[in-house]
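When the chains are written out, they are named A, B, C and D in that same order, and each has its own residue count from 1.
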Amino acid sequence: MSKKRLNLGIIGAGRIGRLHAENIVSCYRNVKLKSVSDLYYESLADWAGSLGIENITGNYTDILNDPGIDAVLICSPTDTHAQISIEAAKAGKHIFCEKPVDMDPDIIREVLNHVEQAGVIFQVGFNRRFDKNFRKAFNTVREGKVGDIHIIKITSRDPAPPTPEYIKVSGGIFMDMTIHDFDMVRYLSGSEVTEVYATGSVMIDRSIGEFGDIDTAAVILKFRNGAIGIIDNSRKAVYGYDQRIEVFGSKGCVTVSNETESLAVLSNETGVWAEKPKYFFLERYKESFIIEIGEFIDSILNNRKPPVDGSDGLNSVLIAKAAKESFMTGKPVKVEL
Amino acid sequence: MSKKRLNLGIIGAGRIGRLHAENIVSCYRNVKLKSVSDLYYESLADWAGSLGIENITGNYTDILNDPGIDAVLICSPTDTHAQISIEAAKAGKHIFCEKPVDMDPDIIREVLNHVEQAGVIFQVGFNRRFDKNFRKAFNTVREGKVGDIHIIKITSRDPAPPTPEYIKVSGGIFMDMTIHDFDMVRYLSGSEVTEVYATGSVMIDRSIGEFGDIDTAAVILKFRNGAIGIIDNSRKAVYGYDQRIEVFGSKGCVTVSNETESLAVLSNETGVWAEKPKYFFLERYKESFIIEIGEFIDSILNNRKPPVDGSDGLNSVLIAKAAKESFMTGKPVKVEL
Amino acid sequence: MSKKRLNLGIIGAGRIGRLHAENIVSCYRNVKLKSVSDLYYESLADWAGSLGIENITGNYTDILNDPGIDAVLICSPTDTHAQISIEAAKAGKHIFCEKPVDMDPDIIREVLNHVEQAGVIFQVGFNRRFDKNFRKAFNTVREGKVGDIHIIKITSRDPAPPTPEYIKVSGGIFMDMTIHDFDMVRYLSGSEVTEVYATGSVMIDRSIGEFGDIDTAAVILKFRNGAIGIIDNSRKAVYGYDQRIEVFGSKGCVTVSNETESLAVLSNETGVWAEKPKYFFLERYKESFIIEIGEFIDSILNNRKPPVDGSDGLNSVLIAKAAKESFMTGKPVKVEL
Amino acid sequence: MSKKRLNLGIIGAGRIGRLHAENIVSCYRNVKLKSVSDLYYESLADWAGSLGIENITGNYTDILNDPGIDAVLICSPTDTHAQISIEAAKAGKHIFCEKPVDMDPDIIREVLNHVEQAGVIFQVGFNRRFDKNFRKAFNTVREGKVGDIHIIKITSRDPAPPTPEYIKVSGGIFMDMTIHDFDMVRYLSGSEVTEVYATGSVMIDRSIGEFGDIDTAAVILKFRNGAIGIIDNSRKAVYGYDQRIEVFGSKGCVTVSNETESLAVLSNETGVWAEKPKYFFLERYKESFIIEIGEFIDSILNNRKPPVDGSDGLNSVLIAKAAKESFMTGKPVKVEL
């Protein structure tokens, strides 16, 4: 392992950019978060000061041009990911890019070409892979305890729908929300999707339908090895953030249920009450965000393949596109990954 | 309520016929199980004697011709259900018929015509509706606690595949196994299916594929009210008979997990061990078989609509046929119920 | 095994006597329930008729004098158990006696002497040993999976206190309620109690205190092998009948939680709701009552030691007496078993 | 709230002192960890540097004499707690003192006198009160959802016994281990203990008995309001760190079960496997250690009563002493709190 202290920059200090910044400062004292850029950088001065961040700027090129920066986290809006990634690669920076890299597979391929030419590390922000529960399920599968995989099921339901403004630019439920589940089935299965059938309805909020989107979805995936994937999504589970998985195979079945706010249970005349699932993704996946950055740092320091790479970023988008097409045409759609 | 003691006959004394016989003798002392017919009736003498059954015969028409018999349970092989049902209706007997009534919807319609003309009660053997757990889920939904239904999920996996001989005449996984789940989604949803997409693979036993059948299946259903149904089946869950449901809606989500062999849990150095799900359908659904017959008896005594009627028998078969067609064509298939 | 069909009589047709009668008729067709006696036998005619019981009488000696009766179940009030048991033994009848045999250990010893002289089988009604969950825990312990036992814990709480009239003649909470737990710790531990410390309070119903009794109790037991037993009781758990056990040892810990009314669980905005424990002992221990009688019948037919014998009946009463003394004196009390 | 940035010092940089240091640096950027003292301070240079701690010293009086230090955390060996606390109080420092303050109640009283005279805040390190699960149980009780408390139960078992060297100076199981549970029952009950009965055995390690100590214990407590407390302890639960509580009352029962390493569950032919409880107290109570220090800081900044004060430190020791006496004499012992 290199003895040099790594210097990081963060591009985009919205909710997720600030989360990464705080996690880096709290948890990774072997690296330095040197710079942060954001269009609204003036309002970040106090926050950045409290974290000991040296530079804040309104222009991300300041970070890319800084020879003292080794790696960047791209946490800006989705439609800027590709352009900034290409520039960062050209500048020789290692890149952690939030998902999705882009909604257009061809643009992602262009990004990956630049990344390859530059020889930098490129990790995509599928944080759920680093959740300890899903990781344990993954390890259980890899250890052969489930045998050959026959069925993978994911239930993924948000506690509340996003704003109409967000829905409008989100790329639709499959690109915005199910994409996490597409990555998760790929991760768990160790196989590639060959066909997608997707359907859904507007059950929660009529205005979502007005943008041509849906709020309730079901997807069946076929894998190269014959296994079947089943995903269901909802934009609104009133009981909280519902995140469950199941991998069923020839030797057994591994499941992960929801993390709850506490383990206190009250029995009374009306029944036995347990706590709801954790409500919000930042709370539910808190640790996973820390670990994914630790893995990114470790990949750089040890010059190894990152745990979620460019092809993971590309393939999840290809599946999402196929799902959207299936939903639009009412027929299963083949995917070539 | 009639004061007269009801006399019953059972046609077909295989596993399920004998089960009904024993349940009737043990649990319903207000009725009399008078006669049982079976092709191999000679071997049943001891068993029938221990239950106090007066007549055993090799010919079911003996039962239909007995004016002292009020009602019959048809537990003979599937391909005889329709013919015997028609004869029983003509003889004025109330009918409990094991599922499926027939694999051909037109034949079922003919049966239902005869039933209607005869004015007899006709109940179909979808016993799972009478399971206390599913019934509680049903009641929770009916009480409005789930709100509008958005998604219904059923996991239904057998502990081991049937024999090749059985597979050959079973009508295929959708007609033989998923049909229970089709009935369950109709029961839970209170809405009718409008479209079916079904897919599957041979993952467990190559010989099942040789009969053109599959052993691992996934189905997505659309309901008239926009809700989505998702079913997954396997012919072999090594950990036992896996029977779970989930109804998700605008106000909440009700789930039913597996009944286990006991509630003992052992914590040791290797983990925390709970018992497996009950292994076999006769064990898991033991009580439901008793209750369904109690409901049949009660329907006769009170001259009321049976809880599972002819249209339930017909519609589940129509969905099963559509599922098979979807699987064969690779496309969703519309259903008119 | 004897080929002769066993004839049984039941003495006392209150709630528990009638339960045994119905279980015998429904479940054990290899025996015949020939006679039932009860002070109020006239009102039992219809019930007895529906079960096919030949004789009902107001005088239990009619049963004891019937040479056709092989065995009796003594289900009369506690203060008659000993006298009837002695007479039944003298008449050469095998005996199933509800618990407690008597509240006075010397009287129990006298009963056991008569039983021994008569050479009849004598089983005491500690039904909980036959609950499938506790039996699984017992087997887990016997298989060595818990290792050496260090701690046994029992939580045993009733859903509602009995009537004041019952409390008055009950012998107190330790003799009436905890006695089941004393038997259970003996059963689970396979060791004998050497010391008892018992304490308690009146927390639920002041009138219980007026009879010198308590409604909330805690007991610590020492076993010959050094293990510790801990029991807590309440006469009123508003959420139902709370019956849990735990056996902790050098290799692990086995626990049994409550059986619930169903497995349906509702998640909504207010939390995650499961069903309450089964409310009533007849419901919770339904199967155990059937099995204990099956074991009694089997003990007779195979002329083997019954699973709960006279010493079990005696020792549980000795512990209950010691508990009462400990509660009265405020000090631990030694027990010699 | 004061705008001044608080400066902290830590006295004793063993396992728990270093944990607090790291938590403060990671989580409380509004305070400054200025100094750390430890007898072996030379070996701490790298560690202290990585945390940005300015001063490390072998002499805790350097910290007490530093006028720039507002508050100290006393994490040195137990037998130094009292002396350092008194000196710190005289120096006008706010004090967070690890438990127990001392094993001698009179010495604790002397400490508390000095604290009172100095008018400094004095918090004792009963971290479990800040565990989110127990806190939720506490809040449930305080909201009246359990009604009047009748029974409080705590199961508290370590994964492995400490070294013989530690046992020798530990003050015995009641002072070292059960003391946490004594504090927890006081916290949950909101009432004071009036009587203690304690018993126990050497079941795990004979060498523990050679120091006059035990490794398996059971305690029954009586509270002023009539409620009963029940604690069981073991020095070795092979399945991990077993930490459960239960509060039972007139309106219901709240329980907290164990946190597990993950929520993954594997069903296979041998059973249904869940993960073990978290193994170690640092892992299980990780968050509680962070929160207790946050509460300490907040108490100083807002000049309010700390959440665990000197009387909590004293009373838990008084109960522990009574428990030891009860164990030695074999009789219940009265406590005056």
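Keep this in mind: contacts are C-beta pairs under 8 Å (C-beta built on N, C-alpha and C of every residue); 3 or more make two chains touch, one makes a residue touch a chain.
The structure displayed is predicted, hence computed values, not measured ones.
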| item | value |
| --- | --- |
| Given chain B and chain C, the chains that contact each of them | A, D |
| Which of B-D and C-D has more C-beta pairs touching across its chains | C-D |
| Remotest chain, chain D as reference, centres from CA atoms | B |
| Intercentroid distance (Cα basis), chain D paired with chain C, Å | 43 |
| Euclidean distance of C-alpha centroids - chain B vs chain D, Å | 58 |
| Per-residue multi-chain contacts in chain A, two or more chains | 237-239, 242, 251-253, 267-269, 275 |
| Of all residues in chain B, those that touch chain D in their complex | 237-240, 242, 260, 267-277 |
| Residues of chain B touching chain A in the complex | 148, 150-151, 153, 155, 157, 197, 199-204, 216-218, 220, 222, 226-228, 230, 232, 234, 236-239, 242, 248, 250-253, 330-332 |
| Chain D to chain A touching residues, read off their complex | 26-27, 29, 50-51, 132-133, 135-137, 140, 145-146, 251-259, 261-269, 275 |
